[in-house]
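First comes the structure, then the notes that go with it.
Going by the order they are written in, the chains are A, B, C and D; count residues from 1 in each one.
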Amino acid sequence: MTLNLTDARAIIAAAEAKAGEIGQPMNIAVVDAGGNLIAHVRMDGAWIGSIDISINKAFTARAFDIATKDLGDNSQPNQQFYGIHASNHGRIMIFAGGIPISRDGRVVGAVGVSGGSGEQDQTVAEAGAAAL
Amino acid sequence: MTLNLTDARAIIAAAEAKAGEIGQPMNIAVVDAGGNLIAHVRMDGAWIGSIDISINKAFTARAFDIATKDLGDNSQPNQQFYGIHASNHGRIMIFAGGIPISRDGRVVGAVGVSGGSGEQDQTVAEAGAAAL
Amino acid sequence: MTLNLTDARAIIAAAEAKAGEIGQPMNIAVVDAGGNLIAHVRMDGAWIGSIDISINKAFTARAFDIATKDLGDNSQPNQQFYGIHASNHGRIMIFAGGIPISRDGRVVGAVGVSGGSGEQDQTVAEAGAAAL
Amino acid sequence: MTLNLTDARAIIAAAEAKAGEIGQPMNIAVVDAGGNLIAHVRMDGAWIGSIDISINKAFTARAFDIATKDLGDNSQPNQQFYGIHASNHGRIMIFAGGIPISRDGRVVGAVGVSGGSGEQDQTVAEAGAAAL
């Protein structure tokens, strides 16, 4: 009950196609049910600072079974999870681009995208998640 | 397509001159296209806490091809990149003083300055960036 | 003068084929000239502890322009680089499986492989490096 | 009673000249009496993995007021300081290339060099230290 490398590649291919379509090179990462990286690609020209972010958006989405965008809403100052970004040795990303992936009602992994605006990252991550 | 040591020294010399002009000793760092440090100087009397900050402002400016001041605007609470400062193992600086440096339309490195107010850091970094 | 994503995928495909041939699932990572990750894959069944190791073997091979196997020979107790594994925030790997990749006499990136014995990792990394 | 930026530049210039003479590009770093970085340069073509090492060889030499080469002799397995490289958050380097610098019998800073063999690093560091 976890994503495998074939799944990860399908997710990445779909995300990459969407990134190409919107003209924004991206880092795309997929983790398994254990939160561990299965695959990562940095498209030519994508930011090097987004390598870590894409991997950790995927980790975060699986770590809490929630989209990082939604976690972010709850992690602003004065919200219930404010400060959560300091946990897990800097691996918790609280902005758009990480999405958990489910199969038969169970979260089996996640995709993380970083390289553009929050909206662009989210769009590309959604395209990736829709591949399965 | 990257800054070299000669470039870095020219950038540092220009930044140092500006820091002298405004009477505020600074840490000044230059990274290459890969985000890796080429050179750093701490002017006499500059803060020791700013060694790390200057190096990481330069890293950040290259990591996302953006001035740290502008990244900061997007990284405040409720903005699209809020929480980005937790990524990349503490290397992301989201306040003024880091500027990417381009040649023929491509980012080839960056300068980072720390040691004064945000405005002073920015002024000195701009003087450095203008040297090329 | 750096590897790009197309190169990285060719390297990974060749390494993956060799790993399949010897029947040992592997983590395979490729970094660019700046030491920054371009792509990573974990084959189904490969160790999760090897994710970090494969990425950092690739980093190490580029960081010192040397195969990690050879660096390892010089980093044993009483050898000239003993203790180097404590540097670079735990990113230096001193056992077989990381190989720098050159083009026109310049190192343009590196491949890192982890998931089997040192000999297996080395064999798979060599197959990857030979793809270019 | 500490090295200043003028001193650091004199040390770096001498080290750089020696590195040029032996034909091995180096990373050269100088720290003050507090162990804090004053200046660093990476000569064109020098290893990126040696940025951290040069800075931390200088730190180590001042941290214990001893050449890293000599500390290394005492830090091999079964010697009195074996394991010291695990301390100070990975900043302790126990191989040749870091030398404390004294004035009037007091250690006022240190130089750290990394980029070649242990012998080359030591030679270049000695040339740097001799500049004062």
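Definition applied: a contact is a pair of C-beta atoms (placed from the backbone, for glycine too) under 8 Å apart; a residue touches a chain by one contact, two chains touch by 3 or more.
Because the structure is predicted, anything quoted here is derived from the model rather than measured.
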{"item": "Computed distance of Cα centres, subunit D from subunit B, in Å", "value": "25"}
{"item": "Euclidean distance of C-alpha centroids - subunit A vs subunit D, Å", "value": "41"}
{"item": "Centre distance in Å when subunit C and subunit D are each reduced to the mean of their C-alpha atoms", "value": "28"}
{"item": "For subunit A, residues that touch 2 or more chains besides their own", "value": "48"}
{"item": "Pairwise touch network: line, ring, star, complete, or other", "value": "other"}
{"item": "Set of all touching chain pairs, with the criterion as stated earlier", "value": "A-B, A-C, B-C, B-D, C-D"}
{"item": "In the complex with subunit B, residue positions of subunit D that touch it", "value": "4-6, 8, 34, 36-44, 48, 51"}
{"item": "Interfacial residue positions of subunit C with respect to subunit B in the complex", "value": "1, 32-36, 89"}
{"item": "Subunit C partner contacts - residues on subunit D that touch it in the complex", "value": "47-50, 52-53, 56, 72, 75-77, 85-86, 90, 92-96, 117-119"}
{"item": "Subunit A-touching residues of subunit B, taken from the complex the two chains share", "value": "34-35, 59-60, 62-65, 77-78, 80-84, 86-90, 92"}
